[in-house]
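After the structure tokens below, expect a handful of questions from me.
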Amino acid sequence: MCGVFGIENNDKAASAVFTGLLNLQHRGQEAAGTAVYNCSSKTLRGCVGAGNVLNVFNNNAAATAISGNCAIGHVRYATSGKSSLQNAQPFIFNTKSGFIALAHNGNIYNDKQIAARLQKSGAIFAHTSDSEHIMHLVEREKGSLIEALPKALAKINGAYALIFIQDGVMTGVRDPYGIRPLVLGKLGKSYILASESVAIEMSGGEVLRDIAPGEIIAIEKGKIKKSFIFERKKNYAPCIFEQIYFASPASKVCGKTVAKARMEMGKLLARQMKDIKADVVMPVPDSGVFAALGFAKEAKIPFDMGLVRNHYMGRSFITPDQKVRENIVRIKLLPIKEKIKGKRIILIDDSLVRGTTSGKIMRLMKSCGAKEIHFALSAPPVISPCFYGIDTPTKKELIAHNMTTAQIAKFIGASNVNFITLPNLIKAAQGTKCKTFCAACFSGKYPTGIKI
Amino acid sequence: MCGVFGIENNDKAASAVFTGLLNLQHRGQEAAGTAVYNCSSKTLRGCVGAGNVLNVFNNNAAATAISGNCAIGHVRYATSGKSSLQNAQPFIFNTKSGFIALAHNGNIYNDKQIAARLQKSGAIFAHTSDSEHIMHLVEREKGSLIEALPKALAKINGAYALIFIQDGVMTGVRDPYGIRPLVLGKLGKSYILASESVAIEMSGGEVLRDIAPGEIIAIEKGKIKKSFIFERKKNYAPCIFEQIYFASPASKVCGKTVAKARMEMGKLLARQMKDIKADVVMPVPDSGVFAALGFAKEAKIPFDMGLVRNHYMGRSFITPDQKVRENIVRIKLLPIKEKIKGKRIILIDDSLVRGTTSGKIMRLMKSCGAKEIHFALSAPPVISPCFYGIDTPTKKELIAHNMTTAQIAKFIGASNVNFITLPNLIKAAQGTKCKTFCAACFSGKYPTGIKI
Amino acid sequence: MCGVFGIENNDKAASAVFTGLLNLQHRGQEAAGTAVYNCSSKTLRGCVGAGNVLNVFNNNAAATAISGNCAIGHVRYATSGKSSLQNAQPFIFNTKSGFIALAHNGNIYNDKQIAARLQKSGAIFAHTSDSEHIMHLVEREKGSLIEALPKALAKINGAYALIFIQDGVMTGVRDPYGIRPLVLGKLGKSYILASESVAIEMSGGEVLRDIAPGEIIAIEKGKIKKSFIFERKKNYAPCIFEQIYFASPASKVCGKTVAKARMEMGKLLARQMKDIKADVVMPVPDSGVFAALGFAKEAKIPFDMGLVRNHYMGRSFITPDQKVRENIVRIKLLPIKEKIKGKRIILIDDSLVRGTTSGKIMRLMKSCGAKEIHFALSAPPVISPCFYGIDTPTKKELIAHNMTTAQIAKFIGASNVNFITLPNLIKAAQGTKCKTFCAACFSGKYPTGIKI
Amino acid sequence: MCGVFGIENNDKAASAVFTGLLNLQHRGQEAAGTAVYNCSSKTLRGCVGAGNVLNVFNNNAAATAISGNCAIGHVRYATSGKSSLQNAQPFIFNTKSGFIALAHNGNIYNDKQIAARLQKSGAIFAHTSDSEHIMHLVEREKGSLIEALPKALAKINGAYALIFIQDGVMTGVRDPYGIRPLVLGKLGKSYILASESVAIEMSGGEVLRDIAPGEIIAIEKGKIKKSFIFERKKNYAPCIFEQIYFASPASKVCGKTVAKARMEMGKLLARQMKDIKADVVMPVPDSGVFAALGFAKEAKIPFDMGLVRNHYMGRSFITPDQKVRENIVRIKLLPIKEKIKGKRIILIDDSLVRGTTSGKIMRLMKSCGAKEIHFALSAPPVISPCFYGIDTPTKKELIAHNMTTAQIAKFIGASNVNFITLPNLIKAAQGTKCKTFCAACFSGKYPTGIKI
């Protein structure tokens, strides 16, 4: 998961990217950066750094000080083991058609095969991220960027939302299944491309539409130069985890506000669990809040907040002492004892992947005297890994791959565990713009035809 | 506002302070620090830094690496204009009885008079914070720390919760009116002193009791050496803003959980506003959440979240561009349009001081199509400045000092503005341990006898 | 100008590179870095940073903490305008034969043509330094690194000393004219490659020999696997500026200690200037010291130090105030007035390129009362730019391209200016291992056949 | 050892302090800082940091950006164990007469007694440096700063050069024996006070005179308001180590240029050693250079540089690996083998304290084939510790306290060791302004009457 943002025809393009990325910060806190094209000096300059957007842009005068009219930015999700700085995007490359910058959200499944084929004919890779592959493939084709892209992307099995800058032209691309999101907006005389609608609206702009699956759009000086579908698959398959977890509740995804989709997940979960008696519905904040509101409304059980999130713990938290580590979940989630004590609680979280965090939450609530914990999840059991950019573990680490629901409940210490059904999830996620989804992590069916 | 934490008789005292301060981080993000006494080497070493606890302790190996058995820590609230580093606490002083460390939450009203008197007889001040005054006064008295403190503190008009370390003894003090909070807890063989109960519980410890108004307590090697009331005023007057805004909802203040007190504020507001028709109750997150839950329950109007907080904006946010500044409230609070559009909304926030932020929120909600905004505050009108440690502005900047409620509503753009009454606030805040409060900012009556 | 260092078969390879680079620090202070191969884990990891070696290695735990047996390092010379961090070496690339690291000292003349040709067939460049070109060319050839190198390097017109690491093999390369230096040494069971002999000796190692012009040498596990001349030009043409300025006086270049070569430059200058009467010979420290010693001895005129260098001014010096800028030469060079006042001085510096610094030095010495300043340079007039890695300006900025010697003297304010003749310089620089040199900057004759 | 600099009546006072400190950087690299008084806003603001002047002033916009007309600065010498940041000067104190800043070079011998006495009457110390004592003593006296100083300083046994700023008045003080240096200069309409003349001259100013032993001078708006001798001892006793080691060779101390004094030390050493046959005179750079030049001239033995200093090793050098540590002297001093091999060398260094570094130098030179090393020191044997601000070790660590000269030669591995005699040293150091010195470290006779 990452976030991308681009704006063109704007005298303060770097500042606009800063604001845009602040509203996409929830999509990644490992690294951030920008690349800015200046139409007068015809230069493309970049600045990247480790950490969140405020760190990178506030600490580094260079970032917002780069003057230019067309800029893209990127926030990178924390993944383990790889150098954050080396892979911080946007990447800038010098190519046969000059300098070009690239920001990528997504993941390429056949990256190793592509790399091997490219390397065989002499390609060298300066980054360890698979985003560089796209640039290689483009440059192996003839013609301009938008001529080369369809041929290059035909070789890729994967998910991508891309924004390029070259010579003052901002080009956006979305993969043929539309797995990763990309939204078009307008702010005054400038077009914006962003991972989520919230980043356009919070910049003061207006959302125009989703970039279509398989669409390439090239924008220059406030005009859409060209827009076409280079390849479109029958099955539109946007990642359903956006609605469950990634997207901001204030964003519209597939034509439906995420907060609303989550409330419907809660509502449908409530119908699934109508036989369970409980005193209160509580979310694991923040991701479970809207599903819990929807559940409570449907079930007519009071909504309450029994856990409060300590928002000062970033993802960069490093424990000074081994013994402190067990306490982290306690530090991130503060319980309000008397709201928990003696209660039969429906506790709502977004998903259950490995089960370790859920186990800690159950122990925390029991230590506060919870009588029953009916654990409800607005995602079905995760049984297959994601190859499209979400950092899920391998099959054998997926608790739902190894255990029945009853076993999971026992393992984590819940009274019972209740997953939303996949049909119900899809029903909740469906908006006016899209009825089908990639739900490979729940179904094992990969839209791009991956067999595992 | 600041937070203090101390622990003794603990082999990992510096790590314990780190964990403790993480849970008090909401009380101040400007600076943080620790001072650690090592009983073997008989040394007292400190480490302070600008920024939040994670920055200071993670970036600075020294902080958690200081080995020792008795440690105190401090988080400092952002105030403008003064050097954050120079005033970061704990302070360490070399005195007639050796090295001593001090962490202070509160404010001294007669600091200038005290300083002038002290300076006249030769005292020099190395910090610009008034906490240094206390140390000066103590050292001008005869006897040990606990012998000197009563005489020294008799000269102070103000509010304070203090923790000292000297020679492995941790000493806690609370002002005679109990304006600032200080709680005693136990973790295994160690005693803890902390500004809030949540910091004790989240460290795995057990809350014992509030330090009494006017109490001095000295603890050493897991034993309470001495505890006595050096001076107690008739009127116990803990700051009521703890319940309204400062304290964590998970803390117990005056014997009542803060979340519960806030729900009661909401309930009583609902009774005050029972004639208002509305479709939904919404909080300004995060501080308005529990009052909104209480209001919704009482008024039987649905609770919903129409505004979502972007938690990645710290207080250290510096805008790169003047024009961006107007957008900041938009960046900190993301609206969910369809929850707002066409609705008659009861919007609940904690307090209204200058009115500028509230005005921005009203404009934001109106731009999303809110039909009516009935603005409800879980604090009465702020009409007098605080001299006890809360960063309120001067009288003329206080909107409620200058306008009627109707004028305020017009000024900020709300359909109407509804302050909780002071009696109702007090009713909501009262717990088993305390029935009276300092509410000087609402009443102009200062418990320590300040006339303005 | 840059410096490179490599060591293999050494359990503390990263530490050894640190020590080695410290002794090459005079060759570049803009950036530094290392890449380390671990034979057990079969991983290649790197760490680079802006600033000098101590900054990069001391501030960054990662640098010396990378465990491995085979490592290379690089120091980068300060050049203007380009991002220091993006071009900090060693570069690490992922190629058809796996990860490979590269450190390069030198410059490619036909880089733009090579890039254009490579880009045309799809190559993308992630750095703006020309060192990446070499890797591209290698990867376009068949076979292993040492099989591909001769074919790849045949396409390059330029100067280079290269060290690669791949799979635990350290490979060194020197260009066919031997323009840039590369020396082979041994330390226990480890081979070392370094830009200068001093870095080998100061590491406790023994200097074996210069890598020959056009030689490729591959070393693994303490054994020279292969060594051969891939291409050798008739005219061995090592850069004569090493003897004049770049190399450490303690290094041996071309079989002659640099300090000795500089003394001989001074001796021959003394013979050229035998008609000039003077009271004292003084160097511009540090680069003029040995030439001045040689001059004084030959001319039997006393040697003295009338200027002392302030060694705390790094190259990163940024003046806080425009008016301070004129004073910088004063801050870098402190005059000892009474050694200068009333004296007829022979002042010896290494070279005169633009004339601006020399002008400031003359004004400084005159302000101290120098009677006559006979300015002597151990380099001939610089009349042509260097295309092989030295940061000389364009022709029109070269003072000797635009003015006669008499005009230069008048311009800078010297009594007269005396350049060593090219034959004398060559005579002084000649060692047992080499009699011919690249002196293109003085003669306009470029060994690789560049016409300008 | 530290350095102080002050300037008044100057619109760019902070920049001027920056330039001044750069020229005093050789006196201390541990920490640096400035305090600036602004006559318009009547504010006194400071900025201090760890590291050298460039680090502190370049990294910290605040330092040179503080606008004001009157500023002082300080560089702090590296000492072990104490927090560099906490003790970085200038100190700023808030006193009965307002804010006051203090920069101090020197050391107080009776600091513990003074502290004990002050603490007894209630004083608290916020720093661990003894400079704070002076401020305490001043503030215990009646009257203005210059009225209080004589009475306060009468209580101090020690050495000090002080510069204060208060309300736009710059006040300089030198101890009654003149142990620490302080020089008065003028730059346009501004007066300057500085530890060394070089800092005045390199700022473009003119040296007026040394502040006299026991003098207090108060300067305001370009006028000397008051200047008087508060106490003068018969024996003027400036520290003779300034001439031997600390001062810049370009400074004038006691009316004699330091370079000249060092040449005379060399000349007199040559006379002491006239029976020794040698091929060459070499300095240990940089501190031995001028003594070696003087020796060579007198003895008519050729001067040469057989050791070159690597100036990139700062004092902050931290070895990454225990085994590297032995190599440090090799890294700091690069030998030029053929200048050493087979030679009978007179090697000149400034002083011999513990003998460890000298031993490493001997081993280094022997490993290069030196035939004989006649080691000559421009300081007599150090037999007593310094209590006046020089970081000498305790008696038992002083090699000359424990061994005869012959034993020392054997211990370090020299052919012989030759200390300048104290009378000869004094003869060389004497200038027009001073004939007597503090030479307590050589004689055990402390001018302020310390008995050990």
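Descriptive notes on the structure:
All chains are identified by letter, namely A, B, C and D, in their written order; residue positions are counted from 1 within each chain.
Everything below uses one rule, namely that contacts are C-beta pairs under 8 Å (C-beta built on N, C-alpha and C of every residue); 3 or more make two chains touch, one makes a residue touch a chain.
If you're wondering where the values come from, they're calculated on a predicted model, not measured in any experiment.
Under the contact definition, subunit A and subunit C share no contacting chain. Centroid distances built from C-alpha atoms place D farthest away from subunit A.
Each chain gets a centre from the mean of its Cα atoms; for subunit C and subunit D, those two points are 36 Å apart.
Spacing of subunit B relative to subunit C, judged by their CA centroids, is 60 angstrom. Remark: subunit B and subunit D have CA centroids separated by 48 Å (rounded to whole angstrom).
Counting partner chains per residue, subunit B has no residue touching two or more of them.
Every pair of chains in contact is given here: A-B, A-C, B-D, C-D. Against subunit B, in their complex, subunit D makes its touches with residues 91-96, 115-116, 119-128, 132, 135-136, 139-141.
By the touch rule above, subunit B contacts subunit A in their complex via residues 12, 14-15, 18-19, 22-23, 25-26, 29, 52-54, 57-58, 64, 198, 202-204, 248-250, 257, 259-260, 286, 289-290, 293, 297, 302-305, 308, 310-314, 316-318, 320-321, 323-324, 327, 330-331, 334-339.
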